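Common to both upcoming complexes is chain A, partnered first by chain B, then by chain C.
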Partner chain A sequence: MNATEASFIMIYLLTLLLIATDMVPMSVAALIGALFTVWIGLNYGVFTYRDAVGFIDMNLLGLLIGTMIVMEVAYRSGLFRIIALYTIKVAGGDQRILFVIMCITSAAVSMFLSDSTALLLIAAAVTAISRVMGYDPVPYFVSASVMVNLGGTSTLIGSVSNMIIGLSAGLSFSDFIAYLSPCELALWILTTLTLYIFYKHRLKGKKEVPKYDPWEGIKDKRLLIWSAILLTVFLGLFTVHKDLGLPPEAVALGCGVLALAMGRVDPSEVFRSIDWETIFFLGGFFIIVGGLEKTDLLNGLAGWFMNMTGGGTFVLSTILLWISGLASMIISNIAVALTFTPIIKGLGVSNKIPMWSALVFGSNLGGAATPLSGVVTIMTLGALRREGFEVSLREFTKAGVLTTFTQLLFANLYILIRFGL
Partner chain B sequence: MPRIREWLSFKERRLEKYEEAKKEFIKAIGRPVIMIPLELPKSLMFLKEEFCALENDEEFIRRMQRSCVRYLKRRFALKIAEYEKKQKK
Partner chain C sequence: MNGRSARDEIRRRLPRIMINITVAFLFWIIGQVGPLFVKGITIPGMNLPPPFNTVSSIVRLTATLIMILFLIKAVSDILFFTDISTEIFLKTLGIKEKKPLKRTARDVTYIILTLLLTMSASPVLSSIPHVGGYLNAILGFSAFGIFLILIYDIGRVTYGVLSEKTRKMADWIGNHTEEKKNRRGRNERDRS
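== the complex of A and B ==
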C-alpha cells in the first residue's frame, strides 16, 4: 500500500469516526473528507478535477430531490394525515388493535415518506390519541421508530440507501418489489408480533374513541385530491419506467415539476423542506468513496472477499448482510450503502442480485437497533421527552436489538430460500 | 450519560415539524390548544419576573380558561343555541 492509498483510507475512516461520534454534523464531516480527498487526489495525480466532480452521482441526486418534492407536496396537502386519522378511527379504542394497526401504518407510510417525516407524522398522531385516551405512548413511539425504519426497506424510493443500491445495481422499482416484497411483508408481520409480545403488558385497556371527522381541518381539498392523483401517477410510472425506457430520476424529477406546477403550494417552502443535509452528505461521501475506488482499494477488498468465501453466493450474501447490518447500527446507512456498492460491483460473481438484496436488508434494518443508530431513533426519544416521558437507553436498545436481530436472521433465511442458494 | 443526553438534544432539531403536525392532530381528535402572545403592561414593568412565572401558574391558567369560556359563550351565543337545539333533536 502506498502513501496515497493510506491517506484515502485514513480520510475515509476519520470521516466515519466524525459521523459516528457526531463531533460535527454528518454533512460537514463528509464535505471535510471530500475536501481532503480532492486535495490529495489532485496533488498526487490520482485523478483530475473533472474526475472528482464525476464521482458525484447526479442521477441519484435527481431521484432524491424529485421524490422529496413530490412527497413534500403530498405531505402538505394533508393526505398522510387523513390516512393516519382514518387508521385511528378504524382501530377504535382497543389498545392492542390500535397498536397493531399503528405498527402497520408506520411501515406503510414510510414506504413513501422519508423516515424522519414518517416518524414525525406517526408520533404526532400517537401523541394526540394517547392524550385523549390517557394511554401510555411509549410502546407506540418505540414501535413506530422500528416500523418506520423497516417500511423504508420495501421500495426503491423508501430510503436513500435503497436509491443508491437500486441505481448502482440497475434495479427498477418493480425489481425491488419482485425481489424483496415477500420478505418485507413477512418482516412487517414478524416485527409487529415481536413488538406486540414485547409490549403486551403495557397495552391494556379499551376506551371509546371520541367522534371526529378526518376531513376536518383540510384547508384545500383540491390540493389533497390532486396530490393523491399525482402520487398514483408517480407510483404507476415507477412501476413501468423500465418498459417506457425512462430512468427513475426522470420520473421523479418530472413528477416533482408537476407537483410544483399544479400543487398550488409555495415552491420556496417546498425547497426549504428538502433534506439538504443528506444531499450534501451524499455529495461529499461520493467523492471520498470515489477516491478509494480510483486506488483500486475497494476492488482489492472485493477480491479478498472472493478468496475468503470461495465465491459462494450464500456465504457472500450472509457476510454482506451481517456486516452492513451491524455497521448501520453505528454509522449512517447511506455511508454503508455507498461503501459496499463498489465492493459488490467488483465481485467476480455472475448473479449479484442476492448480494444486492443482502445489502438492502443489512443497510436498512440496522438503523433502529439502538437510540444512537439513526435520526429516526434519536427523534423518537426527543419527541417522547417533549411529551414528558423518559425511555431509558436500555429499554429502547432491548426492543431495537431484539427486532433488528430477528429481522436480519429472517432476511438471511429469505435470501437462502428465495435465490435457491 | 449527561453527555449522551446533550448529544441527543443536538439531534432533535427536526422536531419543529413534529410540533406542527401534533397541533393538527390534536385539533382533529382532541381538544385544541392555542398559544397567545401576552405582553406585560408598561405600568407593571417592575413585575417582569412575576409576569414570566405566570406561564406555569396553575391558578392563572385556570382563570384564563374560565374567562375563555365566558368570552366564547358571549361571542358565539347564537351558534351555541343552534348546536344545543340540534343535540336536543
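== the complex of A and C ==
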C-alpha cells in the first residue's frame, strides 16, 4: 500500500469518525472528506478534476430529488395524514389492535416517504392519540421507529440506500418488489409480533376513541386528489419503467416537475423542504468512494472476499448481509451502501442478485438497532422527551437489537430459500 | 488535585521542579568533574571487574543515579503541567468529551486530520521557492507535536479507564473475600 492509498483509507475513516463523534453534521463530514480526496488525488496525480466530478452519480441525485418533490407535495396535501388517521379510527380504542395497525401503517407509509418524514407523521398521530386516550406512548414510538426503518426496505424509492443499490445493480422498481417484497411482508408480521411480545405488558386496556373527522385539517381537497392521482401514476410508471425504456430518475424527475406544475403548492417551499443534508452527504461520499475505487482498494477487498469465501454465493451473501447490517447499526446506511456497492460490482460471480439483496437488507435493517443508529431513532427519543417520557438507552437498544437480529436472521434464511443457494 | 486550586498547585510544584532539575544538573556536573579528581585510583580490597574497579567510575555512577532520582522527582511534577497544557490544548481543539470511548475517537479523528492536513499542505509548501523546505520542516514538527499530545491523551484516557476497572475489580475481590471470611466465621460459630 502506498501513501496515497493509505491517505484515501484515512479520509474514509476520518469521515466516519467525524460522523460517529458528532463533531460536524454528516453532510459537512462527507464534504470535508471529499475536499481531502480531491486535493490529494489531484496533487498526487491519482485522478483528474474531470474524473473527480464524474464520481458523483447524477442519476441517483435526480432520482432522489424527483422522489422527494413528489412525496413532499403528497405530504403537504394531507394524503398520508388522512391514511394514518383513518387507520387509527379503524382500531377503535383497543391498545393491542391500535399497536398492530400503527406498526403496519408506519411501515406502509415509509415505503414511499423518507424515514424521517414518515416518523414525523406517525409521531403526530401517536402523540394525539396517546394524549386523548391517556395511553403510554413509549411502545408506540419505539415500535414506529423500528417499523419505519423496516418499511423502506422493499421498494426502490423506500430509502436512499435502496436507490444507490438499485441504480448500481440495474434493479428496477418491479425487480425490487419481485425479489424482496415476500421477505418484507413476512418481516412486517415477524417484527410486529416481536415488538408486540416485547411490549405486551404495557398494552393493556381499552378506551372509547373520541369522534374525529380525518378530513378536518384538509385545506385543499383538489390538491389531495391531484396528489393521489400523481402518486398512482408515479408508482405505476415505476412498475413499468423498464418496459417503457425509461430510467427511474427520468420517471422521478418527470413526476416531480408535474407535481410542481400542478400550481397548487409554492415551489420555493417544496425546494426548501428537500433533504439537502442527504444530497450533500451523498455528493461528498460519492467522491470519497470514487477516490478509493481509483486506487483499486475496493477491488482488492472484493478479491479478498472471493478468496476468503471461495466464491460461494450463499457465504458471500451471508457475510455481506451481516457485515452491512452490523455496520449500519453504527454508521449511516447510505455510507454502507456506497461502500459495498463497488465491492459487489468487483466480485467475480455471475449471479449477483443474492448479494445485492443481502446488501439491501443489511444496510436497511441495521438502522434502528440502537438509539444512535440513525436519524429516526434519535428523532423518536426527542419526540418522547418532548412528551415528557424518558426511554432509557438500554430499553431502546433491547427492543432495537432484538428486532434487528430477528430480521437479519430471517432475511438470511429468505436469501437461502428464495435464490436456491 | 486533592482540592487544591491550580494556582496553589503551580506555586507548590514549580519551585519543586526548579529545585529538582537544579540538583539533577549539579549531580550531572559532579558526575563529569568529580572523576577527574580521583582519576586512576582503584578501589582497594575489592575484586570488581573494570571499569567498576576505579573510584572515578563509582563517583560517576553514583552521581548519575542521584541525578536520575531527582529527574524522576521532577518528571512527576512536570507531568502535572503536561496534563494541564494538554487539557488546555485539547479544549481549544474542541475535545472536551468526558466519556473515554468518545474522547479516544475524537483524538483519533484529530490524529487522522493532522496527518491528512500535513499530507495535503506538503506539496504546496514545498513549491514555495527558498523557504519551502523550512516551512515543510516546521509543518512536519508541528504535526508531530500535535500527534504526540493526542497520543499522550489517548494513553492518559486508557490509563484512567484501566485503573478504574482494576480498582473496581480489587474492590470486588476484597468484598468477596471478606464475605467468604464472614460466612466461614458465622458457620463455625453456628457449629460450635
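Rule of thumb we're sticking to: the second predicted complex is superposed on the first by the 420 of 421 C-alpha atoms of A that agree within 3 Å, B and C clash if a C-alpha of one lies under 4 Å from a C-alpha of the other, contacts with A are read in each partner's own complex, and residues count from 1 in each chain.
Keep this in mind: contacts are C-beta pairs under 8 Å (C-beta built on N, C-alpha and C of every residue); 3 or more make two chains touch, one makes a residue touch a chain.
Since the model is a prediction, treat every value here as computed from it, not as a measurement.
S.K.: Looking at A:Phe36 after the superposition, I want to know if it touches chain B, chain C, both of them or none. Which is it: first, second, both, neither?
M.R.: A:Phe36 contacts chain C only, not chain B.
S.K.: Is A:Leu381 contacted by the first partner chain B, the second partner chain C, both or neither?
M.R.: Only chain B; A:Leu381 stays clear of chain C.
S.K.: Which holds for A:Ala125: it touches chain B only (first), chain C only (second), both, or neither?
M.R.: In the superposed model, A:Ala125 contacts chain B only, not chain C.
S.K.: Given the superposition on chain A, which partner contacts more residues in chain A: chain B or chain C?
M.R.: B
S.K.: What is the contact status of A:Leu223 with respect to chain B (first) and chain C (second): first, second, both, or neither?
M.R.: In the superposed model, A:Leu223 contacts neither chain B nor chain C.
S.K.: Between chain B (first) and chain C (second), which does A:Ser116 come into contact with in this model arrangement: first, second, both, or neither?
M.R.: first
S.K.: Contacts for A:Pro214 in the overlay, against chain B (first) and chain C (second): which applies, first, second, both or neither?
M.R.: Only chain B; A:Pro214 stays clear of chain C.
S.K.: Could you tell me which stretches of chain A are touched by chain B in one complex and by chain C in the other?
M.R.: none
S.K.: Can you tell me which positions in chain A touch chain C when the two form their complex?
M.R.: These residues of chain A touch chain C: 3, 7, 10-11, 13-14, 17-18, 20-21, 23, 36, 39-40, 43-44.
S.K.: In the complex formed with chain A, which residues of chain C make contact?
M.R.: Checking each residue of chain C against chain A gives 94, 97, 102, 105-106, 108-109, 112-113, 115-116, 119-120, 123-124.
S.K.: Once bound in the complex, which stretches of chain A touch chain B?
M.R.: 22, 78, 81, 84-85, 88, 116-117, 120-121, 123-125, 127-129, 131-132, 210, 212-214, 216-217, 371-372, 375, 378-379, 381-383, 386, 393
S.K.: Note which residues of chain B are touching chain A in the complex, please.
M.R.: Touching chain A: residues 4, 7-12, 14-15, 17-19, 21-22, 24-31 of chain B.
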